[in-house]
Amino acid sequence: MPEVLFPLDSTKKFTEQVLVGHNRWHPDIPAVATVRPGQSFRVDCREWFDGAIHNDDSADDVRDAPLPIVHALSGPFSVSGAEPGDLLVVDILDVGPIPQETGPLAGQGWGYTGIFPKQNGGGFLTDYFPDAYKAIWDFSGQQATSRHIPGVTFTGMIHPGLMGTAPSAALLAKWNQREGALRATDPDRVPPLSLPPLPDGAILGSLTGADFDRVAAEAARTAPPRENGGNQDIKNMTKGTRVFYPVYVPGANLSLGDLHFSQGDGEITFCGAIEMGGFIDLHVDVIKGGMTTYGVSENAIFLPGNVAPQYSQWLAFSGISVTTDGEQRYLDSQLAFQRACLHAIDYLTKFGYSPEQAYLILGAAPIEGRFSGVVDIPNSCATVYLPTAIFDVDVRPSAAGPTRIKPGASAPKSTF
Amino acid sequence: MPEVLFPLDSTKKFTEQVLVGHNRWHPDIPAVATVRPGQSFRVDCREWFDGAIHNDDSADDVRDAPLPIVHALSGPFSVSGAEPGDLLVVDILDVGPIPQETGPLAGQGWGYTGIFPKQNGGGFLTDYFPDAYKAIWDFSGQQATSRHIPGVTFTGMIHPGLMGTAPSAALLAKWNQREGALRATDPDRVPPLSLPPLPDGAILGSLTGADFDRVAAEAARTAPPRENGGNQDIKNMTKGTRVFYPVYVPGANLSLGDLHFSQGDGEITFCGAIEMGGFIDLHVDVIKGGMTTYGVSENAIFLPGNVAPQYSQWLAFSGISVTTDGEQRYLDSQLAFQRACLHAIDYLTKFGYSPEQAYLILGAAPIEGRFSGVVDIPNSCATVYLPTAIFDVDVRPSAAGPTRIKPGASAPKSTF
Amino acid sequence: MPEVLFPLDSTKKFTEQVLVGHNRWHPDIPAVATVRPGQSFRVDCREWFDGAIHNDDSADDVRDAPLPIVHALSGPFSVSGAEPGDLLVVDILDVGPIPQETGPLAGQGWGYTGIFPKQNGGGFLTDYFPDAYKAIWDFSGQQATSRHIPGVTFTGMIHPGLMGTAPSAALLAKWNQREGALRATDPDRVPPLSLPPLPDGAILGSLTGADFDRVAAEAARTAPPRENGGNQDIKNMTKGTRVFYPVYVPGANLSLGDLHFSQGDGEITFCGAIEMGGFIDLHVDVIKGGMTTYGVSENAIFLPGNVAPQYSQWLAFSGISVTTDGEQRYLDSQLAFQRACLHAIDYLTKFGYSPEQAYLILGAAPIEGRFSGVVDIPNSCATVYLPTAIFDVDVRPSAAGPTRIKPGASAPKSTF
Amino acid sequence: MPEVLFPLDSTKKFTEQVLVGHNRWHPDIPAVATVRPGQSFRVDCREWFDGAIHNDDSADDVRDAPLPIVHALSGPFSVSGAEPGDLLVVDILDVGPIPQETGPLAGQGWGYTGIFPKQNGGGFLTDYFPDAYKAIWDFSGQQATSRHIPGVTFTGMIHPGLMGTAPSAALLAKWNQREGALRATDPDRVPPLSLPPLPDGAILGSLTGADFDRVAAEAARTAPPRENGGNQDIKNMTKGTRVFYPVYVPGANLSLGDLHFSQGDGEITFCGAIEMGGFIDLHVDVIKGGMTTYGVSENAIFLPGNVAPQYSQWLAFSGISVTTDGEQRYLDSQLAFQRACLHAIDYLTKFGYSPEQAYLILGAAPIEGRFSGVVDIPNSCATVYLPTAIFDVDVRPSAAGPTRIKPGASAPKSTF
């Protein structure tokens, strides 16, 4: 096991640890450690809400989830010799849940998926699912099941939802400018068009005083993926993956977190993955001048690992860029994927799932979401693939009609 | 080999065959044959431009491609007993190129991929690639190579780009209404926002006279995918696939065409697949009342076959919903996928490919395009995966830098 | 489609064709055609018994199968420039059943699997299955089903069971010597220990007269695999495979045949594959001096294609090298694999299959047979893996007990 | 993490632990714990030689390896309610190396593969490799590399080499009888034909005194796989696998050990896997009367997990049942597999590996060993498949000839 450079004590808050991480992007957040190219090291990760979501049967904690404090990130790790213009090579050697006893922190043998309410985060289908719901998943080795969603078992593809290098001051400024400009077009929208810097709740490592205040006022929120990688939520970035990140600041300043036991493409319920804390073993290297050599000036490129669970039969749904109200949109894959997901949800209700349970399955299980035709005006076509083997019953269409799951279990909904 | 219900003579035009197909969607196009549930049959298919694109080194034919005549569709096939509300079950038993001698028709041992010019069809990246280009691919059994794109070989996933049932009159009216409404918002746009009915070039099976004129004036173009399936361009709909289509008219009236030897997710160069004529063996069945039973009132659902070529190493690129001009868009997966594709193209140029060659590879090779994060405001994240084994050289990033392909070959560009 | 260098007319016997192949190995059998390195060409293949086995419900044809006439091989093809010491590179571009109408010849939409009687060929488990049985399989595109074995459907992995280069005179003499020496140890055994040259039934291409008689007296039977490749029955040698054969005579003299629609590892019922006639498209090349360069002086090496059907769930059985009478043998993987297969057969009978049906399934379906421990004295361990998805019922063990298939169908048994 | 029912302290010998396991099979070895059907629990496992093999550059420890003390097994675990005639259902929830700091015990970040000398264990090719060699493998997350074998990296398929239920007294007697009878046919053979009970070195859990002596005199060695499962060395029995074992004694008395980080089919160097200590999480259940219901009276059946590393390109070698001296044997798959492995070894030496390095690779890497033709008298055909991606250089044959690995590293050989 490689040396633990960023340990977390599961009994303490994220801010009470020996080393304190961060939950904003800024070039001036100090590194917690320096590693050399070729070094392997272990990093503990806290689940993104730092313990605010509980292993119980109420969704009130999802309803009230403290978005200002996300994401609890481990790092930054400075890589000696890395300079702007280089590519940082990050190998995910291993990643898993907290390897200690069962406990109250997500990752301690369990994780959660939430449907976030429209008032607090929303999600891919928030217009159809405006309320808060939760599902708790129990881990049994590599597999997940939920007492809130009967008849589903799948193998986890554990991965960090969020990993990236620190932005330069110029890049950060660009983010704040362009996201602010978008927000200004409809400043009162719910959910908002983008999230401004938010000093409230900011955690900035060892920064204090005036430095803290300055950085907190400028630092970018961690929700969106950006040029530095960030919250890409790519389910295939699992064990054995090699990622190449652009380097924007001396030392690269790599940070990561938001571990998922499993996730469907899109992470569609916003907190669509199975969220957990855990550990990740990394190996880093540097390709000098790689950004120019390979034309990678922004957004990670990567070689996924070769150990994803294999499913050989899939049930696929398609959607096009027409709204549920019948309005035609122009080549809109975002909408087409929404429609494909809604079709899958409608379908699963015929087997006895509630719409919310079906939505939670799509968020958490290893579904594949693919771009199909994207050029045939005016309709984009998107497809979503469900592995049939994750269901206890046969979910394929047949003349005999659907077999219904055992009734009883339901996903908790928040009160108001 | 099942009985050939729709034969095509490769030496004759699509309109000069014993049975004439169609290139518009309309409920009143007469069926060319009636099949019973449980029946297997073979259908010949003509490449979508009916021979207008040639196996040569000029892209002028792509520049001038006769869009009004697409897609040359085989059918409709009426399925006895199928009624509106049923699901039509279509098994793709086999599909392949024209199994005769080498010749001048795409499918006769070769196929083509075109970058369509902005003035005539455009494509996913038409703002960056406004001119016409072409690549000819030669088939060697299951594999494709191109004299216009060196150093690339891949295994075909042969599939019909277009298959679907006839719309009802009401559904057709809805299409015309909504697509017209969109077009009306910017009627002079190039490329247009949608395509109106177009009597010019219409082929409507055995219809003649006043019936022909009436139907030609109403019938929908075949380019976009819609509720009836249609031009979905799903590369995984290959041999062994079972598709379930909604039935909107008595007999279902299944039509199909636009065979592809291979295609990347998205078919991004518009004519991004390797286009060809060929044959397809189908088996049909009916699930009575299946649209209600399974909640499938629109858009095909399907079980992909299990014989796709296996690639175990992929090089992936990511993109977010920020334009190349730096403008922030809100959760736009269409844009994010464009950016991911542009990143892949930039990358491949470092190995010696021209941007157009790289664009053509992404259209034709079995690349995977996936939705990654779609909920993290304001950025959607999309990813595109290239199988590394299709390249003769090692395309993975390394400290040694890229190995350049042999120079020389180039993709033909049209004159002006 | 490449040029057909060896055409077969399905309405005529193998010996009545324009070009006549052969059914023995000998360096002096003249080539039917000469091809150059880099050339692609099509070869028609006759099923191994040249039409003696019929699409009916009697196994008498299997009981009386004319073993002296096997295998009907297409070739030899001389490769210009190939010399002893080279490696012949053979790409299997495509392979499939006879692409014409349904008919009485195996390959014309159907194929067969036989359990050969102990008196006429025997098989892997002939001591347990001494009588003749037959199953007819119908092809539906890529898939096979049998009216004699209910509840099983699988995707074919079409491949040539037999392909190889001609032996040199010295190599042929070695074969005859060593196989004769083995036979001499128990000359009256049934089945025999090996098969001597047999002029009766020999087909030797264009040879006639004294040459025919001399070669017929010396030529080796084609049943066993040997240094030149030959009847290896490797189910993974399917489309996209590249094989490297040692060259023993000028021109290499490649021959092939014994096409299988599908086969389980081991081809355990002797005629365990689904036998058929068909076509194969080949591309050949030469690595000069490759036998020494790569240390490949005997037995083919190969790169399997990447389009095998994918199954992600398997039910596996194990066996050890103890006989059914309880006798301990020393590290005998042949016996261990027999025991594993017998365990699989016993198991399948609990679901309603007859032992013969189960045996036929193991021969014809894409089962995997693997060496497990081979070093732990005194027991070798072998394992056999059945893809669960080929069965209509769930064949996994459970507390509920096995679901029995619908009774009725049975595999025909020969009369006596 | 499930409760640890069998903990091991890495700083202490196997016999000095709080709970002591065993290294022989006997029905009277007392259970270390009782579990109930439906229970999950963790078991620590010691590497099979209990620390006798070191992380150094000498193979003397392999030469002198204390075979009488193998295998260090954890257990037995009694399952409440399990009775003879039942099937014990064992799910492998998780399995991995010792999850603590780096240290001197195999599993603490490293493992070993040995070629055992003919005088002390031997191996599959001991007639060709009579001396002792060793390779140390370092674990980097899921991947293994060796300072003794350059240019090879592969993903581990961690699995228990040995797992099984206790034999009944009658079954044990049968083992001793049949193995003794075999041994009696050539009692002085080196290596021996089988291993008799051996009180020297026996570890029998909590047994003492006369009970110890009686059991030690009767108990079976653990090297061979037998009816109860045992040392099957099945590389696919990894995470997610469900195994069904016959139950021969009340409580079933499950034991296990011999963890492997990786192994090739056959484990051909005897200690061919990468040996290590570690942990395994199990879930057990019982199918009452399952042995009769499913016809499984001996030898485990299992459903492999779905998370094995995926390799899509393989280089395969074939062999037939002719000895290297040219003697023809009758349908001997053991010999055919030896010849296939020897061909692979010869081939790899052309790339710069020593024969011993190649042999060690075949033992430790995830190679596949398959039965090909097993019925074509007199030759069995066996094939061995190497994933090409595990090598740093391209190991496919080409006209350019082999690329040699960097010289320097070698596998340590023992002194004499």
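Couple of notes before you dig in:
Letters A, B, C and D name the chains as they come in the text, with residue numbers starting at 1 for each one.
Assume contacts are C-beta pairs under 8 Å (C-beta built on N, C-alpha and C of every residue); 3 or more make two chains touch, one makes a residue touch a chain.
Here's who's who by UniProt: A, B, C, D = Formamidase.
Please read all numbers here as calculations on a predicted model, not as lab measurements.
When the interfaces B-C and B-D are ranked by how many C-beta pairs touch across them, B-C comes first. Spacing of subunit B relative to subunit C, judged by their CA centroids, is 39 angstrom.
Rounded to whole angstrom units, the spacing between the C-alpha centres of subunit B and subunit D is 51. The set of subunit D residues that touch two or more partner chains comprises 306, 310-313, 389.
Under the stated contact rule, the graph of chain-to-chain touches is complete, every pair of chains being in contact. Listing the residues of subunit C that touch subunit A in their complex gives 310-313, 389. Subunit D meets subunit A in the complex at residues 1, 40, 91-94, 99-102, 109, 140-143, 155, 239-240, 281, 283, 305-311, 389.
Taken in their complex, subunit B has these residues touching subunit A: 87, 89, 122-124, 174, 178-179, 181-182, 191-195, 223-227, 229, 231-236, 244, 265-270, 272, 287-288, 290, 293-296, 298-304, 306, 312-320, 322, 326-334, 337, 339-340, 343, 346-347, 349-350, 368-383, 385, 388, 396-399, 401-402.
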